Structures are given as structure tokens and as C-alpha cells.
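Labels run A, B, C and D following the written order; every chain starts at residue 1.
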Amino acid sequence: MEDFKVTKVIDIGNGVKIGGKNFEIIAGPCAVESEEQMYEIGKFLKDLGIKLLRGGAFKPRTSPYSFQGLGFEGLKILNKIKEEYNFKIVSEIMDPRDIEKSCEIIDIIQIGSRNMQNYSLLKEVGKLDKPILLKRGMSSTIREWLMAAEYIEAEGNKDIIFCERGIRTFEDYTRNTLDLVSVPIIKSLSNYPIIVDPSHGTGRWELVPSSTKAALAIGADGAIIEIHPEPSKALSDGRQSLNFNEFKKMYKDIEILKREINNDRNG
Amino acid sequence: MEDFKVTKVIDIGNGVKIGGKNFEIIAGPCAVESEEQMYEIGKFLKDLGIKLLRGGAFKPRTSPYSFQGLGFEGLKILNKIKEEYNFKIVSEIMDPRDIEKSCEIIDIIQIGSRNMQNYSLLKEVGKLDKPILLKRGMSSTIREWLMAAEYIEAEGNKDIIFCERGIRTFEDYTRNTLDLVSVPIIKSLSNYPIIVDPSHGTGRWELVPSSTKAALAIGADGAIIEIHPEPSKALSDGRQSLNFNEFKKMYKDIEILKREINNDRNG
Amino acid sequence: MEDFKVTKVIDIGNGVKIGGKNFEIIAGPCAVESEEQMYEIGKFLKDLGIKLLRGGAFKPRTSPYSFQGLGFEGLKILNKIKEEYNFKIVSEIMDPRDIEKSCEIIDIIQIGSRNMQNYSLLKEVGKLDKPILLKRGMSSTIREWLMAAEYIEAEGNKDIIFCERGIRTFEDYTRNTLDLVSVPIIKSLSNYPIIVDPSHGTGRWELVPSSTKAALAIGADGAIIEIHPEPSKALSDGRQSLNFNEFKKMYKDIEILKREINNDRNG
Amino acid sequence: MEDFKVTKVIDIGNGVKIGGKNFEIIAGPCAVESEEQMYEIGKFLKDLGIKLLRGGAFKPRTSPYSFQGLGFEGLKILNKIKEEYNFKIVSEIMDPRDIEKSCEIIDIIQIGSRNMQNYSLLKEVGKLDKPILLKRGMSSTIREWLMAAEYIEAEGNKDIIFCERGIRTFEDYTRNTLDLVSVPIIKSLSNYPIIVDPSHGTGRWELVPSSTKAALAIGADGAIIEIHPEPSKALSDGRQSLNFNEFKKMYKDIEILKREINNDRNG
């Protein structure tokens, strides 16, 4: 492995750490759609050993007429699943005014791509004592992304996790171009961990497993992956969600590759 | 001229209208730096006949350590100039919590590039009875830009002015690539007026005059242009600001071209 | 007008000059399809006063199964039209081995976008005593484009005409993003003339007239425009071709704007 | 592993095969600079077990005043090394007129990025009985890349190896954005093998080892890597060349990872 700076290990609680020798999988649906959906997904992920559940309550959608998420109702559902299965919750906040109330439930606050340079929001989450998942803006340079993290850090919060989610290019076969090389770059320029989002990064579920393996091999600290019991019926992003069988297969492959790469790292 | 949809004419007050056969120049510094600076610029622009003054009080800067603008102090300065010279004021707001207080002074609220998809902010300004200058996101497609306008419109505000300010591409000679062709496209897909920002669009003052002429020729309803008494001493964006002499020369050239094109349109 | 370097005037013969105070329109179909088609177009353009006829004989197409042009048969047709109506001919060459034979007919050799960095080809045309129309590569920076011209110039040929034809970006409403600001940049960094190709630059005929006006206003030395008697039946690029009526209307509008801008320049 | 189409195995001779379960490393300098340099590199690579040597004789450089390669002199040097150490040679051809003479020495003809849509060249190499390494154009979509391969295939040559070498985006920390996800896409849309060029893809030697691991993990059939005895003295691309120690370390890491992934694939 290259001689990077030492990555900070961020303790999420419940025995989960991001950074270090771990490669942590965060999974869940794009959007919280119903209690039933979340119990089904929660049970499945819990049985597999997943400890971090993602699920969007506030959804930033290009059109105001698309499904906008369930809002605080969605957070309440997330809270039930959290208590039932002992998950840590990753969810996005878009409005500074929603932070206080949301913080009772969310364990890792996600700043989405569209808000990577929403400096009011960055400053507010910078005042919290809670890890922030900072997604790369869809047309942000790495330098701008690092600067966005400095907005958070400057307010005192030093628990930041970068998340590469693809950048906008001319290529239209994929939804975005997943810039996996940003992983070793962030590791050389910063000491915060970085995970990869292959679901948004590719926009096609069939590319998610191989992209996740590449993320592990290139040195990422984890991945955040969309899963849905019936992707074709998802209210958003079904095209990029794995179903349960596909997810299970991928998760096992990753576990094997992880052990091999760790043996190699330690050997 | 092509047979576009009829563009809505937005009445700013004080005899200023955007849309229709007009080509309105909005001018001012990137950032409000001091009362002295603003009086100097204000007097110069007033004498030329400019009626719309721009000036940033809240500045979204890539780095948290760059000059962030004077905030409400800056707005107070703008208010003095406004009363002294009878300008209408164009200024950016980034935080929904600043809207109420800012609205007493700002006549056209600017939504900046970085916030084009800050949906919380769009919804809030959608509730106002005040024109909104909606800048294109630096990597927004035209479709996403139109959708952002729909977030405002859906809340009831139908006084929207689009502003093309360049998109991010691989070309690095200019700060952005000014997509002038978006002007006739927006006019064919929407009935709101559209102006052009050649200062951010090119990032180089020497390219501003010719780009503004092209904006007029392609059918834009105006331009928003940065000016500074001493560009080399500007606290932000000096590289793209015209000085007084350059601005004056450009303004006169535009006035002539405007008359010619209008004669042609009417003839 | 900005104080640019003085642009070289390239004498095409027959009283046609590119550079200087002129704004020359080159027109014709994307591809030479038949003698009948070319006579029809040739007569129409001649009557309007157009002196430079474009028409592709060798067509670089993305797929090997698309219409590839008529090759030397196409050049023969061009030659008949040339003799009948006294045009100067602009046509693309892709293979160094075709140059000698083609030069008997073609007056301005076009290097297409895909071949802007085909250095073998550039060196060969650099040895000719014939003007070269150097299209910008679809993802070329301005610096690379200037360097491509240096390949030609270094071999001795100093009759180069740049042609901005749009660059590849994420925006997909248009076929390319027409970078009109490249015009004043090229004029500041080089002394060769530059024309604009709004047909490829936008990919939509309805955007061609306004884009051509903007090209004139921003300082270009001409435009190259696709025209077809029946665009919907064109063997290539029909979507971006004007029909005769549309072309005529645009040509007259341009003539008026040209006079006005020249009056202004001279006044 | 995902259920891709079965990849064709291309037999290079000398026991080297590209495609199938192999991950083949091609290595060598960007440009052949001298016999001495090539003997030094050749001996080093031979001792490590590398069988495919790359080295540019004809170099497509942005500026006509940069080092253009040694041309046929360079090929002669490559031939000596080839005979001394029993390598198979990978080298670029840019001019259809150089093919015949070059084919006596080159075993895999490389079509470079700038020539991916040089259709005259593609058709000529399509007539050969020799593997073609088809690099992706720096702004080519995957669809255009596949179409370029069809130009070769349509002439009869069905020994094509795709090579992902990064695409041009707004990100300027790296020379290009390495689109690793193109690997599983090409494998799903074509049955030809695909390798990765992390040297051009990143433009920074320190990013090459981790990117190569990611290429292996995502399913590529090999990598082509630049190496130089003294990168800081290289006549071209020194910034992205590994020195001998760095290369050796990377090569061993890849060998280990390769075994592990293959065990997994077979298990």
C-alpha cells in the first residue's frame, strides 16, 4: 500500500468504526417509503451483519413534482427500525432549521451533492458533535471538496467522512463518472476517511458489485449502497438499487476480498 | 428574430423593466467592501444612467478563510446608496433565515450558482412577492435549471429572471464556459426573461465587452457586470472586474448596438 | 471593439477575403449527396450572393455503417458546381493520401474535429499553398488548438482559418456547447482569422440564426452553415440544417447587422 | 464476479494471452529515448517476468516543438531489445503509410487517444492480422469507442484490445479522470478484452499502484504502465512514470492480489 497519511478513525458507536483497516458497508434504500418497507430491509441487513442503515427522509429531487421524501415522518420510521435492530442511522439534512430535531435520530448526518457548497448548512453541522458524511458535489474539484470540509472543521467538528459519488462528465452511459482515483488523492491530502457511493456513482445496479470491489482495492474505508426489496417499484432510484439476493452475493464477495487484502496489508 | 414564446416583462419598479425589447445592464462590484467604495461606484453608475446596482453582502467563497462579505453591515451600506441615488438593488441570499431581514433592502434576490439546487432556499424565496434572479448552477443542465425555477414558481412567485453565468468544462483559459446558446433555448422553453453574466462567465475582464455584445445579439434581456474602481485591489474577483473607463466604453458601445438591433427588430 | 492583434486577411481568390472587416458566410450541405442536390443548392446560394460553397465528400462518421460520403465521386460533383457557378470550395480531407488528388478541386481544405490532433495529416497540409480551415477538436483546449495550428505553420503554410464548432460538455440539450468566447481569445493569442460553425455547435437548426448573430457581434470573421433543400431527408445532420427559406431570412438579417456593426466600427 | 459475456482470449504468441483469467502487465517507457535506456529497462523487466514491452517510437505531442520520438530509429532499438530478451512489442502508429514497415517489429499496434476516430488509420489496421490496442479517445463516449472498434472489425481484424486511459473532465488534480467503471461496461457490451492505463489515466506516478489494483479488482484483463530508470530525466511524461523500485513493489503486490482474486473466482 502507498504511504498515505494515517487516516483518522471515526467512532460511530456500537462498535462501528470508519477509517483504519476496516471497510464498512452502509446500506439501505434511497428513500424511506413506509414502515413495512423499512422493517423488511432492516431485518434483512441486520441478519447479514450490517450495522449502518441509510435511508432518505428529506430527498432533494430535481423536479418539485417528484416524490420529496416523507420528512419527519420518515425519520420516525427510521427511529423505530433503529431501536428494533440496533442500527446507526445515516440520513441527509438539507435545511439548517431541521438539524436540531433530526439529530435525535440521525447518527451520521449526510450532506448531499447539491449542498456541498451550501455554506450556511456546512457551518451549522460544523457546530455539532456528530459525524458528517460529506458527499462530493457533482461538479466539484477535489480542492473544492476539501475546502467544503474546512467549513465544517473551522466550526469545531472534526468527525468528517468524505464520500465519492461520481462526477458529471460527457459520458452518458452511466449516471455519473465514478472517480475512484479521488480515494488515494483524498487520503494523501487529508487525514479523514473516505467511502464510495457506487449506486449514485454509476446509476446502474449491475455495475455496483464490481465498483465496490474496486473501491476496496483502491483503499476506500467503506461504501454506501442502495438496496430495495423490489427495485422496479422504488419511488426513487430503483435503477441503481440492488435487490436482496444481489446484495447478499456482493456482500459475501466483499467479505472475502476484504480478508485477503487485509492479510496482504498485515503480512 | 426567431419566433420565441413571448417573454414576460418583469416590473422592477422605478421605471425599470426586464424582458420585452429592453436590454438592461445591472452593474456593481462583486462584493460590498466599504461605504466609500460603494458611494464611488454608485455615483459613477448613476451618472451613466444605470438603475440597477449589484453588490454582494453575503459571499459564498470556496474557502472558509477567504473574505466572506460584510453580511448585514454590507446590506446597510447598500441601503444608503440606494436611498442616495435611487437604485434598485440586486444581492444574493444564501440562508433562508436571512430572507426576511434582507427583503427590506434587496429588490431582486439573487440565488447563486452554488445554491441553484438548494431546494429549501428556493421554496422560501418562492413565497415572496419579489423578483428572483436565478443563476444557473455551474454544472446544471438547462433542464435542471428550468426545474429549479419550478421550485420557485410552485410556491407562487412568478417573477423569475434566469441568469446564464457559464458552465464548468475542461477548458481552463476561461473561468467557466459561457453558454450563450442557452439564451435562445431558455426563451423557447420558458416565458421568463434571461440575462447573462459575462464577468463570471469568462473570469477575465478583457472578454466582458465582446461577450456582452454577443449576449445582446443572441437575444438576452440584459447583462450583470462587475465593476470596481481599482480591480487589482478588489477583495474578490478583481480579475474579472472592469474599471470605470472600460465600463463606460463598453456601456456606450452597447447603447449603440442596442439601438441598431431594436431598429432592426421594429423595422 | 477590443484592441486585438490585427487579424491576417486570407485571400481565397475570386474577390473573397477572410479576416479584416468582413463577415463571410460559407454555406452548403453537410454531405454531397447527388449532382441534382448540389445544383439546386448551388443555384440558390449563387443567387443570394454566397461565394464559398461547403460540401463533404469524405465524411467521418461515428459508425462504419453510416453513410460515409461519396468520396472522389463527390468531389467531381463539387467541381461541376464550382465551374458552373464560380464558387470557391470548402471540403474536408481525412487521409494524407487523398490530398494531392483533392487539391485540384478544393480551395479551402477543412481539417475536421476528429482530426485536429492527427499530426501526420496536419504536417501534410502544412506543406500546401492553400488555406486550411482548422476545426477545434471536440474536447480541445484553446491552447491545444493553437498548437495544432503550429503543426501546420511549422511546415510553411501560414494561411490558417480557425473554426469554433462547439465543445463536448455535460449539457445534452445541444449537440455541443458552442464556445463563442473562444473567438476573442483566439484573436488575442493569434493573428489568424476565426469563423464559427453554429450548425455543429448547436446541432439544432432553430438555434443557428441567433448563434450566427452572436458570432458576428463577438468579432468572428465568418460562419459556416449547413443548408439542405429538404433537411428531413438529408443523409446526415438534417436536424441541424436550415432549409432555403430559413437560410434566406437569416442571411438578410446578418447582412443588416453586419452593416450596422461595421458602421459602428468605422464611426 | 458478474455474469459478463465471455471475453475473447487474444493470443499474442510466446505464451502470452490477453483475456480470460489472466491480468497481464505491459510495461516500458513512454518514449524510446536511446538504446542504452531500452537495454536497462528491458533487462529489468525481463528479470521480473514481464513479457510485453511498450515503448513509443512515434509520439503524438501537443506541441510540434516537443520531442516527437525517434521514429523508425526507435523501432530499430525496440527490435534489438525484442530479440535480446524475447519480448512482444507494443507501440503506437499514427500514419497509415508507416504500417507496413512497422509491422515487422511491432506485435501489438497501439492506436492512441488522439487517433481513436482517425478512420483512415482504423481501416488500415483493420486489414492486418495483428492485435490492435485501441485506446479510448480522451473525450469519447463508450458508444463511440465501441464504434471505433467496429471500424477495425469491419475490415476483418477481430483481435482488438480496448484500453481505458482516462477521460477529460473539469478535475485538474489528475491529468485525466480514469473511468474504471468503463471496464465492466465494455465487458457487458463487447466480447473483447480491456486493459487499463493508469499512467495516463492519472498522470501521477504515486497514484498508479492503487489504480492498478482497482483495475484488477473491477475485472480488467491487464494494465499498461510507464516505467523509467530516472523519471525526472524522461523526455516525456516523467511525472507519471514509476522508477524501478516503485514498479517492483507494485508488481509484487499485484501478483499477490491476482492470486487471491483468482482463487476466489475459481473457488
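One rule holds for everything that comes next: a residue touches a chain if its C-beta (ideal position, glycine included) is under 8 Å from a C-beta of that chain, and two chains touch if they have at least 3 such contacts.
Here the structure is a predicted model, which is why all the values come from computation and not from measurement.
Need the graph distance between chain B and chain C over the touch network, please.
Counted as steps through touching chains, the separation is 1.
Based only on mean CA positions, could you tell me how far chain C sits from chain D in angstrom?
Chain C and chain D have C-alpha centres separated by 36 Å.
Could you put a whole-Å number on the gap between the CA centroids of chain A and chain C?
Those two chain centres are 49 Å apart.
Check each residue of chain B and list the ones that touch at least two other chains.
139, 143, 168-170, 172
Chains as vertices, touching pairs as edges: which of line, ring, star, complete or other describes this one?
Its topology is that of a complete graph.
Would you pull the chain C residues touching chain D in the complex into a rising list?
Counting only chain C, the residues touching chain D are 60-65, 94-97, 114-115, 117-120, 138-139, 143-144, 147, 150-151, 154, 168.
What does chain D use to touch chain A in their complex?
Contact set of chain D toward chain A: 1-2, 139, 141-143, 167, 169-174, 177-181, 183-185, 188, 201-202, 206-207, 209-211, 213-219, 253, 256-257, 260-261, 264.
Could you list, by residue number, the parts of chain D that touch chain B in their complex?
It is residues 139, 168-170, 172 of chain D that touch chain B.
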